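Chain IDs A, B, C, D, E and F follow the sequence of writing; residue 1 opens each chain.
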Amino acid sequence: MPYINIRVTREGVTPEQKLQLIEGATDLMTRVLNKDPATTFVSIDEVETDNWGVARENVTTMRQREAEQKAIR
Amino acid sequence: MPYINIRVTREGVTPEQKLQLIEGATDLMTRVLNKDPATTFVSIDEVETDNWGVARENVTTMRQREAEQKAIR
Amino acid sequence: MPYINIRVTREGVTPEQKLQLIEGATDLMTRVLNKDPATTFVSIDEVETDNWGVARENVTTMRQREAEQKAIR
Amino acid sequence: MPYINIRVTREGVTPEQKLQLIEGATDLMTRVLNKDPATTFVSIDEVETDNWGVARENVTTMRQREAEQKAIR
Amino acid sequence: MPYINIRVTREGVTPEQKLQLIEGATDLMTRVLNKDPATTFVSIDEVETDNWGVARENVTTMRQREAEQKAIR
Amino acid sequence: MPYINIRVTREGVTPEQKLQLIEGATDLMTRVLNKDPATTFVSIDEVETDNWGVARENVTTMRQREAEQKAIR
């Protein structure tokens, strides 16, 4: 009966990648805990970069800085 | 002070149905645990069918298969 | 495929009451959204009264005040 | 390693306000628990007013009543 | 910055198994989404079998029935 | 109607610190979003160090390494 919730920033995750997350998380529960895939739920939440903070800044700002640093190099 | 979070797939749940979920979940807390409705919160999350997995596949695929099986019959 | 999470304070909820919450939440999803009970999950979190805050105080303090007010009357 | 999830109704929270929530929640963890901001995550969920219930009604209805009461005065 | 929450029933999951879940979930985010393990959080919630419902019954009852069926065979 | 969930590792957080988290999170919602404390909920989850992973290892291991490095100095 596992329930896995995956939260990532909304930055263009494709349906194919989402399916890989669902398959991978389900397989992990089977491999490690012998859980039945039939009763394993996976939900994926995509969070706007303005709504996600790490190290006291939002991911929007973090991505801008990363892009600027790349441009300089 | 109960907090109830209901997660369903985003498949056309109407405002009226959402209100019924809010009322029903609140009444359940009052009936079983004698909780005060004034401090009972209910939040409903609607999750895209691509973002919800059961039995190692996403709900988008599951719905397509169900529709095909219906068409055959 | 609904997933319902019920969070209440840990104040002596019995196994029988928990079962009533599970049955009631599952029935609500069937009644309002025609969901299949077989793929409806309910999880109940019991939170210590020190760990739950409403109106800027914890529930431990709230319960003490309620008990004192009852004693006065 | 704290993870803070803030859920509010979707009623025009600005990016600047979201940043203040991220900064404030991170600072709170540092001030009270001496946690490292570098490994403090904050995520903000904005929930539609139809999807949030308090006291057995949704916030959409609550806001309409509040607006009507204001108009009367 | 992914955050993965894994919820399973509390049925003797060992520290070693928990570590495999942490490693597996982190690797999944790296493999599918190229996420940095340094900023990937995994939390595991173990839920009492009385507090988890599937198909309108709790897992305690489900496990008893499974044990009885095994004993008969 | 905000709901704030704070998840930290279970490492001796005192009732007084928990109250400070409740007060601080509630005040943050009032200061930034003008929310009413009366309808602001805060819940705190304490997660075992074996059940929390960062950077592909659990916090138990991380704490042991930190303690060893301190002992060496």
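To be clear about the criterion, contacts are C-beta pairs under 8 Å (C-beta built on N, C-alpha and C of every residue); 3 or more make two chains touch, one makes a residue touch a chain.
To keep track of the chains, here are their UniProt names: A, B, C, D, E, F = Tautomerase.
If you're wondering where the values come from, they're calculated on a predicted model, not measured in any experiment.
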Chain labels contacting chain A and also chain F: B, C, D, E
Shortest path length from chain A to chain E (each step joins two touching chains): 1
For chain D and chain E, chains touching each: A, F
Far-end chain from chain B, centres as C-alpha averages: F
Whole-Å separation of chain centres (CA-atom averages), chain B against chain E: 22
Chain F residues counted as touching two or more neighbouring chains: 1, 3, 7, 21, 25, 39, 41, 43, 52, 54
Overall pattern in which the protein chains touch one another (line/ring/star/complete/other): other
Which chain pairs touch, all of them: A-B, A-C, A-D, A-E, B-C, B-D, B-F, C-E, C-F, D-E, D-F, E-F
Residue ranges of chain C in contact with chain F within the complex: 7, 47, 50-58, 60
In the complex with chain F, residue positions of chain D that touch it: 1-9, 13, 17, 20-21, 24-25, 28-29, 31-33, 35, 39, 52, 54, 59
Residue ranges of chain B in contact with chain D within the complex: 15, 18-19, 21-23, 25-27, 37-46
Chain E partner contacts - residues on chain D that touch it in the complex: 1, 3, 39, 41, 43
